[in-house]
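Residue numbering begins at 1 within each chain, and the chains themselves are lettered A, B, C and D in the order written.
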Amino acid sequence: MTQRHVINASVSPKGSLETLSQREVQQLSEAGSGSIYTLFRQCALAILNTGAHVDNAKTILEAYKDFEIRIHQQDRGVRLELLNAPADAFVDGEMIASTREMLFSALRDIVYTENELDSQRIDLSSSQGISDYVFHLLRNARTLRPGVEPKIVVCWGGHSINTEEYKYTKKVGHELGLRSLDICTGCGPGVMKGPMKGATIAHAKQRIHGGRYLGLTEPGIIAAEAPNPIVNELVILPDIEKRLEAFVRVGHGIIIFPGGAGTAEEFLYLLGILMHPSNQDLPFPVILTGPKSAAPYLDQLHAFVGATLGEAAQKHYQIIIDDPAEVARQMTQGLKEVKQFRRERNDAFHFNWLLKIDEGFQRPFDPTHANMASLGLSRDLPPHELAANLRRAFSGIVAGNVKDKGIRLIEEHGPYEIHGDPAIMEPLDRLLQAFVAQHRMKLPGGAAYVPCYRVVT
Amino acid sequence: MTQRHVINASVSPKGSLETLSQREVQQLSEAGSGSIYTLFRQCALAILNTGAHVDNAKTILEAYKDFEIRIHQQDRGVRLELLNAPADAFVDGEMIASTREMLFSALRDIVYTENELDSQRIDLSSSQGISDYVFHLLRNARTLRPGVEPKIVVCWGGHSINTEEYKYTKKVGHELGLRSLDICTGCGPGVMKGPMKGATIAHAKQRIHGGRYLGLTEPGIIAAEAPNPIVNELVILPDIEKRLEAFVRVGHGIIIFPGGAGTAEEFLYLLGILMHPSNQDLPFPVILTGPKSAAPYLDQLHAFVGATLGEAAQKHYQIIIDDPAEVARQMTQGLKEVKQFRRERNDAFHFNWLLKIDEGFQRPFDPTHANMASLGLSRDLPPHELAANLRRAFSGIVAGNVKDKGIRLIEEHGPYEIHGDPAIMEPLDRLLQAFVAQHRMKLPGGAAYVPCYRVVT
Amino acid sequence: MTQRHVINASVSPKGSLETLSQREVQQLSEAGSGSIYTLFRQCALAILNTGAHVDNAKTILEAYKDFEIRIHQQDRGVRLELLNAPADAFVDGEMIASTREMLFSALRDIVYTENELDSQRIDLSSSQGISDYVFHLLRNARTLRPGVEPKIVVCWGGHSINTEEYKYTKKVGHELGLRSLDICTGCGPGVMKGPMKGATIAHAKQRIHGGRYLGLTEPGIIAAEAPNPIVNELVILPDIEKRLEAFVRVGHGIIIFPGGAGTAEEFLYLLGILMHPSNQDLPFPVILTGPKSAAPYLDQLHAFVGATLGEAAQKHYQIIIDDPAEVARQMTQGLKEVKQFRRERNDAFHFNWLLKIDEGFQRPFDPTHANMASLGLSRDLPPHELAANLRRAFSGIVAGNVKDKGIRLIEEHGPYEIHGDPAIMEPLDRLLQAFVAQHRMKLPGGAAYVPCYRVVT
Amino acid sequence: MTQRHVINASVSPKGSLETLSQREVQQLSEAGSGSIYTLFRQCALAILNTGAHVDNAKTILEAYKDFEIRIHQQDRGVRLELLNAPADAFVDGEMIASTREMLFSALRDIVYTENELDSQRIDLSSSQGISDYVFHLLRNARTLRPGVEPKIVVCWGGHSINTEEYKYTKKVGHELGLRSLDICTGCGPGVMKGPMKGATIAHAKQRIHGGRYLGLTEPGIIAAEAPNPIVNELVILPDIEKRLEAFVRVGHGIIIFPGGAGTAEEFLYLLGILMHPSNQDLPFPVILTGPKSAAPYLDQLHAFVGATLGEAAQKHYQIIIDDPAEVARQMTQGLKEVKQFRRERNDAFHFNWLLKIDEGFQRPFDPTHANMASLGLSRDLPPHELAANLRRAFSGIVAGNVKDKGIRLIEEHGPYEIHGDPAIMEPLDRLLQAFVAQHRMKLPGGAAYVPCYRVVT
C-alpha cells in the first residue's frame, strides 16, 4: 500500500436504473459515525479498490482516509463525485463500467436496507420475518427472476489460494459455463473470481448473452474481499447471516473449493441446514472439488466433518478430485432433480422457500471474546446445533483475520479462546493448523500469519 | 351488458418481472371487505373488461358478481387463476399479452402501496412526505427512468367524445409520435386512447421500439375507465390526488382535449399549481386543442377560466384549433425549455421535484354531500385556492357520475348541492350545462343523463 | 398535384446495413436512359411520394421532373443527397425513418438485381433458374429467415377501395396480428396498407416486437402505388412476374379483399398455379373476404371464376363475409396444415420450393397492343393455361391504367383490344364494367375513368 | 492423434441466418476432387478440430479420413449431418454454439465465393477488380458495418509461442478491450487466440455486448490453425493474398507479436504496402510488442527490416516492450488519426478504399520449387518490390511447414532453395535460424523441426 495512486472523478449512472428521492439523497449526505453515509463510503472504497492485493479491511480504510464520495441529484439522475479515489478502477481516467455499476448497486442496497428496517412489515424477531426480509432485499436488487430454470451454481472457497487451485476453479467455471449455468460467489478474488472468469469465456463460446455472475457480500467482508469486476450483479446484504441465507435460497447447487476459515464457516452452515430433519427430502447438490494437489486438504475437511458431525453429515455432498467436466455433469444432474422437486411442490425456482433454516443460523453472531469463549462445542448437541456453533467459531476467526472490527478487537484483547469437547477440539485444532500451514488464512505477501484464536482443550 | 361472455383461465406472468413473497401471496388471499384482495379483484375486473362500452363502475361490478381471482405461488413465479372472467380480454382462449401485463402491474402496485403505508418512512402528514410517497410508488413501478430526455406528453380529455374529436386525438398523437414523443394518459377510452393509437403508428413509421404509452389510474376510476390495451405501462396510484400529482411530476408537458367534468378537474388542478407563486418561472407547456367543431367548447372553457381565475390564469396555456402538426411543434419547443431549465437547476428529468404543489391539492377530497355543500367558491380567495376548490367541485361530479361509491351516495341522498359566489356559480352552471348538452358527462348509449349535482346561486 | 412542396436534404443510412463498393457507387452515378440511376431515381421518387393520393406514375414522374438524387461514399457509409424531393416524407425537415430505410432497400435491390443479371449462374431460360433468381433476390434482401414458423399472410386487394372496405381490412389485419401473424402486401395504399395498420396495433397489444410488414413491389408499379410507411421490409423485384412468384413462395397463406384489375390479375395467377396437377396435394389457404357491402362484388368474382375456370377452381378458396375473427381463425388453421406439410416433406418454411410454377406464369408479359390482341382466351385450353392468359389480360389493363409505359402506349395507340370466346368474353366484360362502376379501376378524385381496353366478342 | 474420439451428430443452424437455394444444396452434395464439397468438408473438419494441438494439415486430414458431412434442406433451413466428427467440439453430445456458427459461416463463404467467381462483374485481372472481390466477400459475410467508428485492431503473431508470450497477448487484448476496441486475428491458437480471450474478459468488465472477435482465414491455413472458439465472426477468404488484403482493409491498426514465418510474411506484406508512394500520408498505426523476454526477438526482426528494406521501412512502426497499457494507449491514439483522416477524405470507416495495394501483392503466389528458386531478392529493387518478394519467400516456408499441399511438395522434392543477394540472404538466414532455435516454426510436441527450405547465398 506504499504507492497510492488516487484520482478525482464524477460518475453518472449510465445504464443504471437507480433513482433516489430527495430525502434519500439527503440521508446519504449526512455524515457521522454509524450513518449510512459512512457505510456507503466504506463499500464504495472497497469496490473501487478492486485490483488491490490486500485483504485487511483496516489497512485499506486507513490507506484512503481522505477518500470522499458526494451524492448529487441531477437532470439525468444521481451523480457521484469522488475525491481521492483509488486509481485502479479507472482506464485512462474513465471508470470501468462494471465498477460504476457496482457503486450504484451499493447505493441501491444501502438505501433500501436502511428504509426497509424502518418498516413495520419487517419482523426480524421471527424466522419467517427474516426470510421475508432477505427476499425483499434480493427482489429490490432485481436478483429474483421468475420464469428462469434452476441454474445458479454457488461457488465457495478461499480468497487466498495457490495458482494451481485458481486455475482449477477457472476450468470448473468453464465447464459450468459450457453447460449454460450461471455463477454465484462471495464476489472477491480467488475462488470467488476464477469460476466467473472461466464461465465468461465459456458463455462467449456458447453465444450466451446475459450470463449471470452474481456476487453476494456484506459490509464487513466487502472491504477485505473487494468484488472482482466480472461480477455483473452485486448485492450487499446487511450482515453475514443474511448473506449466507441469500446464498442457499437463490443458489440451486453449491460447489466447494479449497479455502480457509471462511469456507469452513460456509460449509458448516450448509451442513447444519441440510441436516435439519425438515430438509431431509429436499434435493440440494453439493460437490467438494479441487485439483489433485488439493486432495489431502479435501480429505482432511471430510474427516473433520466425520469426526464432529458424523457420517450422516458426509452423505450431503460428494467429493470429485481433478475432473472439472465431471463436476459440471454431476451438478447438471443435481439441478435437474432440484427443478423436478420444485415443480412438484410448487416452490419458486427463484427462491428456495421450502428450505428450513433454523433461527440459530439466522441470528447474527457477534464475535466478542466472551461470545467466542462460550460456544457450546460438544458432541452432546444434536448435529445441526453443533454445526451452528462450529459455524460461529469459524465466523469469529474470519472476523479476527480480515474484518476491521474483529482486527481491532484482537489488537486490544489478544486472541480469542475457543473451548469445548476434546473430541471436537482436536480435529478443529488440526484443521486450523493445516489452514495456517497451507497459507489459507490470509493473502500471501504480508508478514507470517499470527493466529487470532487459541484452541483450548 | 345483457350478453355476458365469461371464461375461466390460468395466467402465468410471462415476461413480467414481478415476484411475491409468501407473506404477500397470503395477504392477497385473504378476502373480506376492505381487504387488498377486494381491491385487486376490482382492478383486475376493470382490466379484463377492457373492451366494454360502459363507464359505470357499479354496473360493471354487479355484472360480474361471480368473478373470482386466485393467486398461486409456483415454480416459475406467481400464477393467477381466473373464474368467470370477461371473455373480451382473450383471443381464442388466450389472454392478450397487454392485459396479462396489466394484471401483474396491478398486483405489483396494490401490494406495494399496502406495504409502503405500513412503513414509518412515509409521512403522509407533510407535503414533502406525500411527494416522496408518489415518487416511491412510481419508482417501484419502474416508471422513473434516469438518463432519458424530457419527452412524456400527458394527454387529458374526455372518455366520452364524438368521432370527429376522437380522430383528432389520433392525429395529434401521430404527430407527437413522429417527433419521438411518448404519451401518458388516464389510460381509459376516448382521449385516453386516441393519442396512444396515433403514436403507435407513428412510432412504427419512425422505427422507434420502446415507445412509452403510460397509463396512470386509481382504483375508483379504473372500473369506469378501463385501461385501453395500447397502454404498455400501467400504474395504479392509491387515490385521485396521488394520480394527479403523478401526472404533473412525470409529464413534461400537457395537452388538453375536449372532455367533461374529469377534464375540467384536471385542468383546474393544473392551473391552480401553475399559478402558485413558487412556480412562476417554471416552464410547463400546456396546450388546449381540438378540431374545428370543438372551437366553441374550447372558447367556453377559456372564458370560464377568465371569469373565475382571471387573465393571469389564461397565460399558462395556448389554444390551437385544428392543427395537429402545430400542436406537436409547439410541444416540442416547450419541451426544449423544460430540458434547459432542469439542466440549469439540476432537477431530475424523470421527476419534477421543483414543482411546488400546495397541500390543498394533495389532500384527498372526500365528496360527501356535506363536503360538496361547503366548498368555498368565492372570488375573494387567492386564485390558486379558488382553483383548488373548483377542482374539488368537479372531482365530486366525476364521482357522482361514474364511481361506484359516488353513484351509491347520489342514489341515497339525491344530487350534490354546490354553493358559492354568483360570479363563479353562473359561469360554472353554464359550463356544466354545456357538458350535458354535448354528451360529455357519460358514454352515450345509456339513458339520458341525470345530473348528480345542483348549482345553487 | 398543383401545390408541390419540395425539399433538399442529405440522408445517411442510420440503422441500415447496406454498403456499396466504389464500383457500385460509380454505376449508380452514371445517368442516362435505361441506366440503373434512372431506375433508382424513379423508385426513390415513388418512395418519397408516400403520402400522395395519385396513382398515375406518369403524372408523378412529370410533377417532379427536377428531382435529383446523388450517391456519395462517406466515412459512415453511403450518403444520399436529394434535390427537389417531395416534402411529405419529412417531419420538421427530417426524413421519416421508414422512408429512409426504404430508400436504402431500393438501393440494395437495384444494385443487386443489376449485378446478379451479369452472373452466369443465373439461368433465366429455365423455370428452375427463374425460381433460383427470385430466391437470391429475396435472400439478399434478408427476407428469408430460417427457423421461423409459417406466419406470413399475403393480403391482396385494391389500392382504390371505399372507406368501409378499408376499415374492414384494418379489422382483419387486427385479428391476424392478435394471432401473431405477419402481413405481406403489394405495399401501396388501400388494401396494401389497412391490414398492416391493424396488425401494428394488434402487435403492440400482444407485445410483439419485430412484427413483419413486408412489401413486395416492382419498378413499374411502385410509382403508382407508393409504399406506405408501415412497411418495414421493402423488396423491389425486377418485374411483375418475379413479384408474383415472390408472393406465393414467401407467403404461407393469402387473403383476397375487394379490388380491381390488379387484384384480379393476382387472383388468376394464384388459381392457375394451384390448379396445376403437381400442386394438387399442396395446402395453401386462400380466403376471399370483405364487409357485408362487398358481398355482391365477391359473388360476382366467384361467379366469374366458375364461368371461366370451372367449379374445380372454386374449390381452392373459401369466401367469408363480414367476419374478421373468423378469417383469422381459418387462416391460422390453414397455416397449421402448411407447417405440417412442409415438415413432412422437408420443405423450407421460408420458401415454398415445392410449389410448381409453370413457365407460362414466370415469363414476363409485355402488354403491347399486339400481345393483348392475341391472347388465347378460349375454354378449349386446360384451365391453368386459360388462367395464365386471363392473368395476362388483367396485367395489361393494370399497365394501361397506372403504369408510365402503359399509359403512354394507350395515349399513342388507343385502347387495347381483347378477343376471345364469347363464353369467356361476356363474364369478363361484366366483371370489368362492375370494376368501373364501383370505382375500382383508379383512385377517385381524377376525371371519370376512361377504359384502356375494349372487349371484343 | 493416437486417441481419436469421434461422434455422429445432426446440426441445425440455430441463430444462423444462412439459407441456401436448392441448386446450392445440390452443388454442395456433389463430391469429387476439386469440388466445393471437398473444400467445405476440409474447412468443416478444421473447425471441428478446434481443440487439437496439431498444426499439420496433412496429419489432421489423414486422421479423419472417414469424416463426412451431408447437407439437407429442411423446414427450418439447412441441416448438417456429421459422421465421424472430432468429439472435441461437443459438450455432452451437443455441439458448442460457436463451432456451429462457424460451420455455417464456412458454408456461406464457400458457396458465395464459388458463385461469385462465375459472375462477369468480377474482374480478377485488375487490381481494382480484386479489391472489389474482397469487398463483396466481406460484405456477404456481414463483416462490413457502416456507421461504426474505427476500432478493429488486427493482432498478428505466431500460433506457436511460449507461455509467457501467450499471457502477454492476453494482457494486451485485455487493455484493448478495456478501451472498447475489437480484435481481428488469423483465428487460430497462440497470438490468434490470446488477445481475443483478454478482450472477452475486458468487454465483460466494460459491459460491452457485441464485442467483435473477427477471424480471417483461408482454406489452406485453416486446417493447420483451426479457429479458436472465441471467434464470433469467421470469414474464409479464397486464398492467402485475399486474406492479407482483407486484414489491411478492414483492420484500422495492427499489432505484431512474436511469431515465426507466417508473422514475417504478414509483416513484410504490410511494410511493402505502407512503403508504396501512394500511401505516404495515410495513417496506419503499427506496433511491435512482446514481453521483456521477447525483446531480443523483436530487436532481430527490427534489424532484419533495417538491413533489407532500410531505415525508411522502420519508420512505419513503433516497438513497445512489456507495456500492455501503453500499447493500447498508442493504438487508441493512432485510431483517432485514422478516423480523422477517413472523415476528411470521405473514405469508409468499414473498408480502407484509399490504401493502394500493388498488384504484386494481390496476385496469388504458388510456392512451387521453381517459383521459390527464382524470387528476385536483391537490394536493387525498389524497397516495396523487394518486400513483396521477401513476403513470397516466407509464404512458401509457411506452406512447406504446415499446409497440406506444401508438405506434400517438400516430401516429394526436398526443401525449397532460396537464392539472392548476400546482403539479403545473410540476415534472412539468421532470422530463420532464430525462428527454429526459438521453436517458432511449429507447435511443440512433434519431432525436432526439419527446415523445408535452404538459404543459398
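Going forward, a residue touches a chain if its C-beta (ideal position, glycine included) is under 8 Å from a C-beta of that chain, and two chains touch if they have at least 3 such contacts.
Everything quoted here is computed from the prediction, not taken from an experiment.
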- Have a look at A-B, C-D or B-C and name the one that copies the A-D interface, over half of its contact pairs being the same. B-C
- Message: On a C-alpha centroid basis, what's the spacing between chain C and chain D, in Å?
- Response: 46
- Message: Using Cα averages as centroids, what's the distance between chain B and chain D in whole Å?
- Response: 63
- On chain A, where are the residues touching two or more other chains? 15
- Query: Considering only which chains touch which, how would you classify the arrangement: line, ring, star, complete or other?
  - Reply: ring
- Task: Spell out all pairs of chains that touch, sorted by label.
- Result: A-B, A-D, B-C, C-D
- Item | Footprint of chain B on chain C - complex, ascending | 15, 91-92, 96-98, 101, 178-179, 197, 200-201, 204-209, 229-230, 232, 329, 332
- Touch list for chain A against partner chain B, complex: 12-19, 21-23, 72-78, 115, 118-121, 128, 132, 135-136, 139, 142, 144-147, 339, 342-343, 346-351, 353
